Amino acid sequence: MPHEVDEADAARIARFRPASGMETPRFSGIPSFMRLPVRDPAAAEGVEIGLVGIPFDGATTNRPGACLGPRAVREASTHTRAVNHSTGVAPYALAACADLGDVPVNPIDAAETCRRIEAFHAALRSQGIVPLSVGGDHLVSYPVLRALGAGRPLGLVHIDAHSDTDDSQYGGTRLTHGTPFRRAVEDGVLDPRRMVQIGIRGSLDSADERDWALAQGIRIVTLEEAVGRGLPETVAEARAVVGEGPAYLSFDIDALDPAYAPGTGTPEPGGFTTREALYLVRSLRGLDLVGADLVEVSPPLDAAGITALAGGTLLFEILCLLAEAVAARRGADRSSAD
Amino acid sequence: MPHEVDEADAARIARFRPASGMETPRFSGIPSFMRLPVRDPAAAEGVEIGLVGIPFDGATTNRPGACLGPRAVREASTHTRAVNHSTGVAPYALAACADLGDVPVNPIDAAETCRRIEAFHAALRSQGIVPLSVGGDHLVSYPVLRALGAGRPLGLVHIDAHSDTDDSQYGGTRLTHGTPFRRAVEDGVLDPRRMVQIGIRGSLDSADERDWALAQGIRIVTLEEAVGRGLPETVAEARAVVGEGPAYLSFDIDALDPAYAPGTGTPEPGGFTTREALYLVRSLRGLDLVGADLVEVSPPLDAAGITALAGGTLLFEILCLLAEAVAARRGADRSSAD
Amino acid sequence: MPHEVDEADAARIARFRPASGMETPRFSGIPSFMRLPVRDPAAAEGVEIGLVGIPFDGATTNRPGACLGPRAVREASTHTRAVNHSTGVAPYALAACADLGDVPVNPIDAAETCRRIEAFHAALRSQGIVPLSVGGDHLVSYPVLRALGAGRPLGLVHIDAHSDTDDSQYGGTRLTHGTPFRRAVEDGVLDPRRMVQIGIRGSLDSADERDWALAQGIRIVTLEEAVGRGLPETVAEARAVVGEGPAYLSFDIDALDPAYAPGTGTPEPGGFTTREALYLVRSLRGLDLVGADLVEVSPPLDAAGITALAGGTLLFEILCLLAEAVAARRGADRSSAD
Amino acid sequence: MPHEVDEADAARIARFRPASGMETPRFSGIPSFMRLPVRDPAAAEGVEIGLVGIPFDGATTNRPGACLGPRAVREASTHTRAVNHSTGVAPYALAACADLGDVPVNPIDAAETCRRIEAFHAALRSQGIVPLSVGGDHLVSYPVLRALGAGRPLGLVHIDAHSDTDDSQYGGTRLTHGTPFRRAVEDGVLDPRRMVQIGIRGSLDSADERDWALAQGIRIVTLEEAVGRGLPETVAEARAVVGEGPAYLSFDIDALDPAYAPGTGTPEPGGFTTREALYLVRSLRGLDLVGADLVEVSPPLDAAGITALAGGTLLFEILCLLAEAVAARRGADRSSAD
Amino acid sequence: MPHEVDEADAARIARFRPASGMETPRFSGIPSFMRLPVRDPAAAEGVEIGLVGIPFDGATTNRPGACLGPRAVREASTHTRAVNHSTGVAPYALAACADLGDVPVNPIDAAETCRRIEAFHAALRSQGIVPLSVGGDHLVSYPVLRALGAGRPLGLVHIDAHSDTDDSQYGGTRLTHGTPFRRAVEDGVLDPRRMVQIGIRGSLDSADERDWALAQGIRIVTLEEAVGRGLPETVAEARAVVGEGPAYLSFDIDALDPAYAPGTGTPEPGGFTTREALYLVRSLRGLDLVGADLVEVSPPLDAAGITALAGGTLLFEILCLLAEAVAARRGADRSSAD
Amino acid sequence: MPHEVDEADAARIARFRPASGMETPRFSGIPSFMRLPVRDPAAAEGVEIGLVGIPFDGATTNRPGACLGPRAVREASTHTRAVNHSTGVAPYALAACADLGDVPVNPIDAAETCRRIEAFHAALRSQGIVPLSVGGDHLVSYPVLRALGAGRPLGLVHIDAHSDTDDSQYGGTRLTHGTPFRRAVEDGVLDPRRMVQIGIRGSLDSADERDWALAQGIRIVTLEEAVGRGLPETVAEARAVVGEGPAYLSFDIDALDPAYAPGTGTPEPGGFTTREALYLVRSLRGLDLVGADLVEVSPPLDAAGITALAGGTLLFEILCLLAEAVAARRGADRSSAD
């Protein structure tokens, strides 16, 4: 069985358990992601999955506020508990997880911030830590992908209302939250034939906006197609597209309908429900994920915190995927070592 | 026909009609439940269904505010009208309904408040009044069940995100909003084999959290199972589990998705829509309900009052069930008297 | 092909393009509908579709605020772009669209305001401009219909939670937002046998409330029936009822569930999702629409602007229908002229 | 001493005590004004001061929502207690107070509603009940004044940002919330030489807007003058203007700065603080008040309920004035009877 | 008298009157600033004062949202009327005012946006149009000052919680909303000895943060000093510092206390009330203002729109200053021409 | 000079500096109090001032939510910087400060929670750490005072709208947020003759409510008296009452007016502005404070976060007092050691 954890690992992993709501209220304590221990990324021995905030929205072309996302998602994520009620996965028993704080961004300078994000995540990769990063606007996925995909173009499951494969805006600005995946493909850190985008919808600036993506071989599943065919079939195709190599999951909260996620800069009515979104994420079990992100939660635009709550709950669901992937790779390493 | 109302009853019942929005605006007048007449519970002759507020949230382990629920649901409920558009049921023509005010709670003392709630509802039972109680946190169901189930263990339809069958929290606290149904089963006022819980979801503190409930024979239908099988089948099974004996309906508003009910202390993304919830309640027509409650509406956590509105609308739907049950029992009494 | 646009038309139409979000941010500039050019209705040469605000809610019987709807929908509508991602329709390439400002209402006087609305829209009709009007409460549909249906009773697709065919309220008040379609049928500007109402739900003031409508031959599809049979079948019947003659589309935002549209005066839980509503509108392609409206968005009751956003997005979807209808009629005129 | 209450009166008065927050939480129970007993105005024997809601905003020319004011002020007023901490006045020991419900308004028809308001208050006057009325928009003061001032032109202390002495708007509409005091003076129910307006500010539609008021002899104290001279001097003059005859107090919540009262339709920055407003009201002790109102609280425009709270607290302060006036007149009657 | 307007001017000016709330409700129509006519800046003949939006917040170092400021202030400003109730100034009778739309910003690029702002305002200056600009974050003042102060270093009244004279942040970023006045002094477009900053408060990053400003000779009046000495004395000194040469007024909305202006990115408790702020602005009558701005209104952070309302009201007050300055200069030109 | 810090201390203290907003945005990083280092209270060597959260509101008799206060104040406090702009105090250069996390409360059990709070603070006292505690409701002050005042009855400056010296509510409940100071005096940990309460206001449940307090010799300064005499005189008396012995400062956020602090359970219009409150706190420099708290911030009741912001800013101001007191005592110890 892939997720068996041996005794030594279990002891190490046990040092990274979140505080339990059965002992102190979930609203108590400093709001780290999931109430996990906080570690300095420079002193993160033993950590296998690092939750990271990227509080940057300086590449936003619509309404701002995603720079405040990491704090709001941290707080909302303290609502989650230890065991996935649907899959039975207990992520904190499978892998050592910690909150590694935020990338030190420069809110005024997108290019400089990209460099910092890439360096931060490259350092994690060099320590064997799998990042689960919380934006911030969607541009932040680009430098993360540069760090994780360097030398190994990754597959991608991209759940979003927008394909974010624009070339530029405003007469030549190329680093915006509408361009990360085009930039990442251009840089060779994403393999477009192993990319699938799910939930795309909303009116377009021009009819040829999708042309580039399709020309690269990216598979775009519109919201209507995903729902029309049914989510099980959609997921099956997505898994086939991504295949068995190393892969990344990027979840833009505006994939959800504004009723479920009003707190985002570019909402598009007609989106996924959280029930559907949880199903989609859950169905990706078994992919060889080497990182993931959740982006575009904008707390000042939220109502009653439901967007941050949806984000925090999806984060737990994604963490379950990563914990299984980490445990699977650990198991595979052990097996191959035998 | 069970719901025939004879002339004398009709005259009595007619004294308890809510004010009509065709004559004065629904936003006018003192906001009693459904704009019904207000009666002192000690002087409630002729009343058959008593709507009762229980403004207590002192057993909440997550975010508070449900103590403010009764007022908000009262106000929202004035939006409802006289006839169920789907079933055609006209509850105020079937049974004499009144707002009986609030139980006099002690916000600091859960045990004392439980005693007061039980006494209040025992007095209603002794007058033959069927209570429709509005919390407050979910602990309030426990003393209500003690009053109504004393001497006759009740069946239960429990619609909720959480099974609320914990044993204790914080090192031994046994009266919390996570424990009412365990306490009620222990006290013998609920029959666990006639209990069904629908909509359960959300991550768990530990994998064995459901063990006690299942060991008692309680039927747990997770959200995923309910939706996967389809609601008609779910309801059919629920009706079979509860059977023909006296039964109770407890509706925790967090059964709804946070998009539909953000105003609650422990929201869980991925829940029911109001359309599904109305369907579920409506489908319980014919059960021998002796009481019901609606709990966990927390107005300070709400957005635009939609949680209170969902609560007030579900309250009307539940009231239709109770009115039919009252009329059916009245009819049966008459028949057996003949 | 019906939507071919010849060169001269294309040049004219090109003068009425909205500002593009690729050049300046969508949140910039004066918020006209869709960022379209603003024209005085008295100097609107070349315009084929006129977007019009009707900031009046003086006929509201429930919670007010719809008088502030036009501004909020204008702002939200600037979020839409140039091409329908689902149908591929590019409305601004098919017809010349402009924001014609607001009807000069009298907030205290419903009868006087009706006269002004009718005169405003009659003037548009005389110039061959198709109106897309944004309320305001639902009474505003009545004078619009009087202007557009004079001499040619129109068919109607009416998407709403309420049938709005009351006779009067408060002892004889006949001009309320609950009466427009009864008045319009009485005046002979609507053909009841070509009318369909979709999404009707919510408790009723009396069981015979629907009698008048049914007696006229109006087809009422309740929410439950629409969802039970499936939307494709519902739409097919609606198209059959309305048939080929000139028709009007009236969309009351409370057709949506309160989770999707909390910002409205008379919300009814259990309604359509935006995904369903967009499907419904989109499915009406090909009807011979001579006007349309979107009503009852009440910004002060909204949360996070999602109701205005749903309204603005539906407005774009309706505009696509009107643009195709305009282009089709233009094409037909040319053909018949040949 | 004027406020001595003899034994028989005390016994009667004691039947009208509000529920105490020391026994049940202030947030519990049906939210009548101040948690007072509710009486039908047709069966209000023994009542001396009647708190009345007037949920009408159909004469509003700016943002609506004041029709929802009575309910919000009722709820907020339950926060007040039994004794004025500053003056020591205990109103419920001085006079029998009750909540008499709402005037049955017609939200679509200002003229008809004025007739109903006048009739309602005339009936109270005929029973010797002093009304403390809660709007609603400011037009409602006009019919109240007609009822109370018929046959005896009243003095007026009018605290407001606007003088509300317009003649008409929109080409002849004469019943708006900007005209009540002009209408009342024209009808002879207010004595303009005994009228003072305090706190007037905000830009004007035309420079001569104040001419009519000044020509009648009304004393206008702008906000700047009131603050510049100091409130004690302002109040002293106000008392001198009104003099010893029967008088009325009308408090428009927009007298407060928007920071203190955002929830109103026509807010004007630069207004009174609540501390100043409480001082102003408190300083009017001893006037021979025969009625009072508080208007223009618009809950949908409020933030965190602070406007309703300010309203409810001012209502208590006004009630203290009325209770003293009632007790003083009762004492005077007894004295003169001796 | 300086503000006499001759007949020809009066006729021209009359073409730029805002719509009146006595004829159509203030909430109606497209929300241009003050309901003024909208003009393309390239076709603005006859305009003397141009209201301009600058929807840019890409230089914000704290919470964002000021890019949405221009629209919110536009909407709130439609609440203002034609005559200043305190000074009697009727700005639209003194000078031709128009809404010139927004500067075409690039939200991702501060340097490029500064160039565009400067070019836009330089073009206005070349046409003799006085700009009243609405941000956006405070960086936008820098390029405006470059345009207006080129060749003539301006005096400055700067009302703010922060002195915005930082050198750089984040290791060398020099264009932030904390640096505009340092940059402008360095560029020689502001004369530091004619600069006064009023209302400065809030904790400091380092004790020497003020050193640079003081070393330049800038007069800093802290909030405590301004209030301690009294506003009249503060204003007298400010007028003396600025003197008779051309001057600019920059008003950062965070000069107000968060109770009055919660909707801003860097609020500092303990600030001015709107009453004080209106007094401060009003007291600057007679300065030779050649432009002004109002910045840092962040609508997503606002509550009940009171910050935008304060902004819109202050904008009217500033417009009165500019209109008098324009009329005075016109008068002086005529006089010198005689 | 009392606040000289020698080299060894300075090195130790330097390890406890908050992150600077000049290097990373204030909205970044895990939101500890003031962005200070987080320490386990069991491993807090070198810490002199411990900021502590007490997330408990189970003793609230009005609206709840203060249990969520610590997190909201933590987040808002990250807005503060390093140097007090008014006094010049740089607290992090004077004393080693750290966030010690939250007391492990039991939300259902007030008595048990009091025991835990007392134990937590007694442990801090035994380590020589001065606590600055953030509630939670006002009951939490009682166990803190028991820990700090054991063996040395403390003086108290208590800034609040309510005197919180009730005996009991609901028929005998003695541990509520209305009783802490009565309990503390009864237990001998407060010296009533060294107690002053400032800002008391709001209607009273009974006229004798203040009798007990006054009988103990507690000095009550009502809001009206404080403002009437002027704050300088009020503070002078307060300092005289408290004198030179060890003292405690308890700040209830409802001392502020609801316009400044809507987010609290028992708001009372007519309170202090933040400017006044900052003045009051600042004026207490030199008292021998051994601890302090800030209580009753209820985030769910807040608007735009201004209550938490006021709380966080006052917390910084209080921290400046404590840092000076710590430095003064350290200096005195050194002096006496010499």
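Read from first to last, the chains carry the letters A, B, C, D, E and F; within each, the first residue is number 1.
As a working rule, contacts are C-beta pairs under 8 Å (C-beta built on N, C-alpha and C of every residue); 3 or more make two chains touch, one makes a residue touch a chain.
Quick caveat, the model's predicted, so the values are computed rather than measured.
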- [ ] Name, by label, each chain that touches both members of the pair subunit D and subunit F.
- [x] B, E
Open item on the list: Centre to centre, using CA atoms, which chain is the farthest one from subunit D?
Closed with: A
TODO: Between subunit B and subunit D, two touching copies, which fits better, same or different residues at the interface, with half of the numbers shared as the threshold?
DONE: same
Task: Fitting subunit A to subunit C on CA atoms, where both chains share a sequence, rotation angle to nearest 5 degrees - done: 120
Task: CA centroid of subunit B to CA centroid of subunit E, Å - done: 57
Open item on the list: Could you work out how far the Cα centre of subunit B sits from that of subunit F, in whole Å?
Closed with: 42
- [ ] Mind checking the centre-to-centre distance between subunit D and subunit E? Centres are C-alpha means, answer in whole Å.
- [x] 39
Open item on the list: Could you pull out the residues of subunit E that touch at least 2 other chains?
Closed with: 23-25, 27, 61, 63, 67-68, 107, 169-171, 257, 259, 273, 301, 303-304
TODO: Using the contact definition from the top, classify how the chains connect: line, ring, star, complete or other.
DONE: other
Open item on the list: Going by the touch rule stated at the top, which chains touch which?
Closed with: A-B, A-C, A-E, A-F, B-C, B-D, B-F, C-D, C-E, D-E, D-F, E-F
Open item on the list: Considering only the defined contacts, which subunit F positions touch subunit B in the complex?
Closed with: 57-61, 63-65, 67-68, 106-110, 112, 169-171, 173, 175-176, 298, 300-301
Open item on the list: Residue numbers of subunit F touching subunit E in their complex, please.
Closed with: 20-27, 79-86, 88, 90, 257, 259-260, 273-275, 278, 303-306, 309-310, 313-314, 316
Open item on the list: For the complex, give me every residue of subunit A touching subunit F.
Closed with: 23-25, 27-32, 38, 53, 55, 67-68, 70-71, 74-75, 99, 101-102, 104-105, 107
TODO: Would you tell me which residues of subunit D are touching subunit E in their complex?
DONE: 61-63, 166, 169-171, 200-207, 209, 222-224, 227, 257-259, 262-263, 266-271, 301-304
